Amino acid sequence: ATACGSPQDTASGGGDAAPVKVGLVYSQSGPLASYGKQYIEGFKAGLDFATKGTGKVGDRTIEVSEADDAGDPAKAVSAAKDLIGKGTKIIAGSTSSGVALQVAPIAAQNKVLFISGPAATDAVTGANKYTFRSGRQSWQDVVTARSFIGDAAGKKVVVFAQDGAFGDANEAAVKAVIGGAGANVSSVRAPASATEFTPFASQIKAAKPDLLFVAWAGTTAGAMWQTLDQQGVLASTTVVTGLDIRASWPTFGAAGSKISFLSHYFDGASDTEAAKAAKAKVPGGTLDLFHPDGFAAAQMVVRAVQEGGDDVEKMVKALEGWEFEGVKGTMKIRAEDHALLQPMYQAKLSGSGTTFTATAQKSLTGDESAPPVAQMKG
Amino acid sequence: MVEPVLSVADLSVRIAGLHILQGVSFEVAPTGVTVLLGRNGVGKTTTLRAIVGLTPRGGEVRGSVRMGARSLLARPTHRLVRDGLGYVPEDRCVFAALTVAENLRLAERRGVTPAYDKVFALFPELERRGRQRAGSLSGGQQQMLAIGRVLLNDNRLLLVDEPTKGLAPKVVTEVAEVLERVAESVPVLLVEQNLAVVRRLATDAVVLSAGKVAWTGDAQELLLETALTKSLLGVGSAEVHS
Amino acid sequence: MTEVKSAEAPAPPAAVPDELTPGRARWHGLRPYLPLVALVVAAILPYSTLHLPGIFEGPLNSPGTLQLLAICLVFGGLAAGYDLLFGRTGMLSFGHALYFAAGVYGTDILVTKAGLPLWQAGVLTVIGGTTLAALLGAVALRTVGIAFAMVTLAFAQVGAILVARDFGGLTGGEEGLPLDVSGLPSALVGVTNTVNLYWLALAYLAIVVLVVHRVSGSPTGRVLAGLRDDERRIGVLGLDPYRFKLVAFTLAGGLASAGGVVYVLIVGGASPHITSSELTLSLLVMVVLGGPGTRWGPVLGGVLYMYLDHRLTAFGSSEAVNSLPAFLSHPLSQPLFVLGTVFILAVYFFPGGLASLRSRLAPLLTAIRRSR
Amino acid sequence: MLATRGLTWRIGEVAIVDSVYLDLAPGEFLGVIGPNGAGKTSLFNLITGLRRPTEGTVLLDGADITALPPHRRARLGLGRTFQASSVFGSLSVRENVRLAVQAHRGGSMKLWRRAAADREVAAAADAALDRVGLHHRGTAPAGTLAHGEKRKLEIALLLAGEPRVMLLDEPMAGVSAEDVPELVSVIKSLTGDSGRAVLMVEHHMDVILELADRIAVMHHGALLACDTPDTVMANATVQEAYLGEAL
Amino acid sequence: MNTVVLLTLTGLGLAALYFLVASGLSLVFGLADVLNFAHGLFLGVGAYATWWASGNLPGAGPDGFGFVLAVVFGVLAGSLVAVLVELVLIRPLYSRTIEQVLVTVGLSLAGVALLQATWGADPRPFPRPDWSRGVTSVLGAQVPNAGLLLIVAAAVVLGALLAFLRWTRYGLIIRAGVENREMVTALGIDVRKAFTLVFAIGGAAAALAGALGGVYFGTVSPGQGGSLLIFAFIVVVIGGMGSVVGSAYAAVAVGLLQQFVNYYGTSGLGDLCVVGLLAVVLLLRPQGLAGKVAHA
């Protein structure tokens, strides 16, 4: 097949009955591989649910191609460009925030639809007209956290977060959300690479907060919780943090029962039609943190194709303001900035050893946990 | 002629491109001291090290070295030593950070009773200074240690490289006496610059010059022939004996 | 045996630089033009729709393939620049990633946060990266051998920590910093323009190869080759080894930061991956894989490594691998496992790197020729 | 011309070089002998600046150069060879010498000029190669040279720098007997011209005796004697320390 | 006051962890001249083997004797892997130092990936005795027991290593070999066996660090070894390569510095200070604090 071509060719979309190409760029390997696994399981279940088992929208098959980014934005960008070059109009995935932030501009530059996955960074919301998200964002976590202290006025709140953008975003959100409600917010920061947390625990304890908000991700979380527990931080104040995937629950150890969790999702948090469908379809039959994200992504893809066909502008229109029943309940894509308003949960963890169960204490509706409207950037 | 304990044939050594030994052949008699002579830098040390397999990395050794029926080249050093080839290196190489006793203990072998009596009889100093760090010994004491640790085991042949180098005259005499007694039971291949020591100990002599054997024969005979000594060992040393 | 080990630099396997040994007569007429021919072929490659199934996902002119090639080319250039230190001067630096990262983040920050036009940001960044290399090199070069390796590693680690700290939200911490393309020339934006990025990367590679080639053939290069063989000797000849090493270090740092400028355009953003010591280690792997001190070895090594790094993710999830039993398919689906293993095998079986293949195959080829 | 004043180098308690006073006049050839480990090479290292003395000074033309790094000393006209040949093994013989010429002429920090294009350097290098008779080996990588040739190359490197004081560390070591006379004549030819002073360590006594105007004897780091060859050879201490003990 | 006590003791706990990793690294470098990038792999193997044993090995478990058994199993696994690495990968490249280093680089890439392929990237809860989760009150400071356990273990390992080096025959050989490898063979000793042994010891110490690190972190994940390794390298270099005692001093310096600066300074400054310390030490004393002698 030697021939001369133009170096600027990209394949075109194809006719009516041609399959619709959807590219999923997410972590199959690398540090976030297990988030990626939940995402893809959720996506498959969602596609099944939204197409009623046919895998087709109208007479057009949804042809999903997957690419591994290994958590590296450079690989994700390459994969996205490859997919776009082959005529893919819809890209979804992005397990890590770094990937989401770098793929979003590519989508805008090439006018394709991008539906970000588990990446929690607030910056994806309002990134550009073509970028949507199928998961929650940090701000929604923080709003859920606020619900734990009732009246915030005059309360003392400490944010314990790791250095870097994730910590910055959480600190900023807490200052805005809880500080804005009248609380006095200060922060203790630690390097993400820290292995010994006693100095930080001491600082927190010395601050005597009414509420401690912890934003910590990564493999050292177990050690961090243990230290907070040992230094008596957990016993002396209300501690709120996000509930991570099931596999991580045992790493909380004894600390688990002393923490108030805000949760994006856990098995049993909701009992919607979609949740039942997802549960039935997902290998192992237990839902986890990021299954809803994949599920919602598939629902959004189907909606976009249904309403937009091959026209990306129409897809965008169709998704903006769309309200649908997802795994978590009623979800709404806010038209202004594409934030995904969705229920959030308060949870408790109980159990010991390797068997823990989470139970929902309260759930917030999508409107209650809504982030402020972001300026659409591009 | 009696079977030699060691025979070196056409030994050739190159190190980093230098052709240091260019076909050296000689034999070591099964009794007494065979002395390897030659000016500085002719390759005496190189010869001994090639025999025990310690040619530095990148070095190339050709030829044959046999002890009895056995070929020594290409066998690892530690095996040769265990088979009875004792080696006392030129710069003594005692382990400075270890004590005297530890230096000796290192030379012990599993399943063989070390001959401490013999060694301490030869060098009572070593027994007394057992707990001293070898690095703090005087040069002569270090030399005794270097010889002593080799004598802990039975050897079929001893290779000794300039044992009197840098030693005070009195110590030189002591070391010479020790070697004399050692040589009563084990054959020795000795590299020595000090002609007085050579005269006292040597039975046979091999003289190296420019990477080749220039002369072999009876050592005392060599020392008697002034002209020969002069031409082989350099002007200076000959003058000493004129 | 008793000297202090740290003073001993593990010298890279020496090789005679092409430039300084006369080529074989047969090649004399043709050889100077070969690189040019290669360059032209590489430049017109995007006009080909040749499809190489299994090697690339799409035809050669598809954006995905061009993007992959562009990344490979940049790393080919980076490896060639690193080889100026390692293969040609004999300096083992474990901190080269720092200058590359300085290029990537510098450009990104200047364009995205300060809103400078690209050319200004690029120039400033390269100047900044070069200066940084000069300053840190001036300190690190007071040590030699393993100590030098460790000091450079330490400096790079500081860079990594600073990026992770996200001071003033400049670097975006672990999330990285997407490049704001609104101010960029439109020819560099968009999937359809990937080919321009490819040409940019090719130009970078060509420039690095040219610079490295010219420098190693220059009077300074002669001194660098001398430094690799015997640093003491250089001093006794009346040349200051420190100055020359610093020049090499600075130059390599500058080339790396220029590589960063190109890379940030190709990838469209900066992420902290590139600050890790693993990147320096992989540069080392590339150079060793290709053949240190040779003109094309490091380039080939860099291209091949990056190609494998990207393609192995696809290989890992391919049907062929998944159909293997678990104890095979699981490790094989980890790109780093395959890469590490390939590297170990390369160290064993191709000690001189890819560049030595020709000379290693030569006896075989002559044998074949003779048998005919 | 070159002088050392109480030059001492200690490692810990041990004095490797022990209070050495040496004077070298222009045009003079001074041989240095002494047992292995006497400190001859170390003395050279101190003079050329590869090591810093613990005490004492090195003077060149009356100026104190003790604090200068090796390359500055070399620029002042101090050249040396090494005991273990140290040529640039991966470079060709000609490149080796060109590098030395280039070092001597300065202006090495040129990044873009083609080194091979510099005619003057090339001519000077070829002259130096001619002088030691290595011209025909010009293209061979220096690492592949035979030892005697390496020794010659070392001397060519030295010549290229047009030093006023030359320090030769065992130039005959490892040179086979046949090659010695040739090398001796090369070295001899060096001293003839331009008041160049030479300091040479050598174990080959006949070579020393043939070349040296004076002989210095080192022992345990100290200078035992420094006098005309005849006087030195007759000195009893020297005989005992170096040449061998009388019976 | 009790903050200082707390920071000191937890800093020492951290130092103990660094020391456990660094001691093996340092010995291997001292004797065999190999800068072993695969050391993190040994640590990972030790951690995962302990974790595996406590779930699967009869008699082993998270508590009491069962825990000891699991740790012993982990340590054995670590040293077994180290020995295999030495025999299969390092030994054939004898005296080709740079290639040996490169092989360990390749191994560190492949090894971590292999752990991840086998057990996944997520941290797994580490089986450990209940008391290790508690604290002990020392002068009013609530000191984590896991940290104390590390300190005790490091002290025991330091003591055992020193005793081994000083009193045993192989210790003697190793000490002598660090000083002059060639002369050891000239006494009829197969120094390659000592290499293998040193790898075994290094692997065992790293595996112990992995197992106890698991107790300390509460979890085990494939990347844990790698992140500790950078600091271990720094400790080894500061301490002087080949010196066990030097590593101990350096570990304490690094651990305390990190802990105190992290408390009194701003976040992240601790790591920067450690890196600064390394640069300063190397610039002033390129051979490290303790030269190169296997001190006993």
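Should a chain be cited, it is by its letter among A, B, C, D and E, assigned in written order, with residues numbered from 1 in that chain.
One rule holds for everything that comes next: a contact is a pair of C-beta atoms (placed from the backbone, for glycine too) under 8 Å apart; a residue touches a chain by one contact, two chains touch by 3 or more.
Labels paired with UniProt names: B = Amino acid/amide ABC transporter ATP-binding protein 2, HAAT family; C = Amino acid/amide ABC transporter membrane protein 2, HAAT family; D = Amino acid/amide ABC transporter ATP-binding protein 1, HAAT family; E = Amino acid/amide ABC transporter membrane protein 1, HAAT family.
Bear in mind the structure is a predicted one, so any value in this text is a computation, not a measurement.
Asker: Determine the set of chains touching subunit A that also touch subunit D.
Answerer: Touching subunit A as well as subunit D, we find C.
Asker: Note the shortest touch-path length, in steps, from subunit B to subunit D.
Answerer: The fewest steps needed to get from subunit B to subunit D is 1.
Asker: Which chain is most remote from subunit E in terms of Cα centres?
Answerer: The most distant chain relative to subunit E turns out to be D.
Asker: Please state whether C-E or A-C has more C-beta contact pairs across its interface.
Answerer: A-C
Asker: If every chain is reduced to the average of its C-alpha atoms, which one ends up farthest from subunit A?
Answerer: The chain farthest from subunit A, judged by C-alpha centres, is B.
Asker: In whole angstrom, what separates the CA-based centres of subunit A and subunit E?
Answerer: From the centre of subunit A to the centre of subunit E is 37 Å.
Asker: Using the average of all C-alpha atoms in each chain as its centre, how far is it in Å between subunit B and subunit C?
Answerer: Chain centroid spacing, subunit B to subunit C, equals 53 Å.
Asker: Mind checking the centre-to-centre distance between subunit C and subunit D? Centres are C-alpha means, answer in whole Å.
Answerer: Here the centre of subunit D sits 42 Å away from the centre of subunit C.
Asker: Do you know which subunit C residues sit against two or more other chains?
Answerer: 2, 161, 164-165, 333-335 - these are the residues of subunit C that touch more than one other chain.
Asker: If I count partner chains per residue in subunit A, which residues reach a count of at least 2?
Answerer: 29, 163, 191, 193
Asker: Where in subunit E do residues touch at least two different other chains?
Answerer: 116, 179-180, 182-183, 267-268, 271, in rising order.
Asker: How do the chains pair up in terms of touching? List each pair.
Answerer: A-C, A-E, B-D, B-E, C-D, C-E
Asker: Looking at the complex, which residues from subunit B come into contact with subunit E?
Answerer: Per the touch definition, subunit B meets subunit E at residues 52, 54, 57, 76-78, 81-82, 87, 89, 93, 95-98, 102-103, 105-109, 149-150, 153.
Asker: Can you list the subunit A residues touching subunit C in their complex?
Answerer: 1-11, 28-29, 66-70, 72-75, 77-79, 81-86, 96-98, 101-102, 104-106, 109-110, 121, 123, 163-168, 191-193, 378
Asker: Given the complex with subunit D, which residues does subunit C contribute to the contact?
Answerer: Residues of subunit C touching subunit D: 14-17, 20-22, 214-215, 217-223, 225-226, 228-230, 232-241, 243-244, 247, 251, 293.
Asker: Within the complex, which stretch of subunit A touches subunit E?
Answerer: The touching residues are 29-34, 163, 188-191, 193-196, 198-200, 202-203, 219-223, 225-227, 229-232, 245, 247-248, 250-251, 253-254, 354.
Asker: Taking the touch rule as given, give the residues of subunit B at its contact with subunit D in the complex, in rising order.
Answerer: Touch residues, subunit B against subunit D: 16-20, 22, 39-41, 90-91, 165-166, 169, 172, 193-196, 199, 209-211, 234-237, 239-241.
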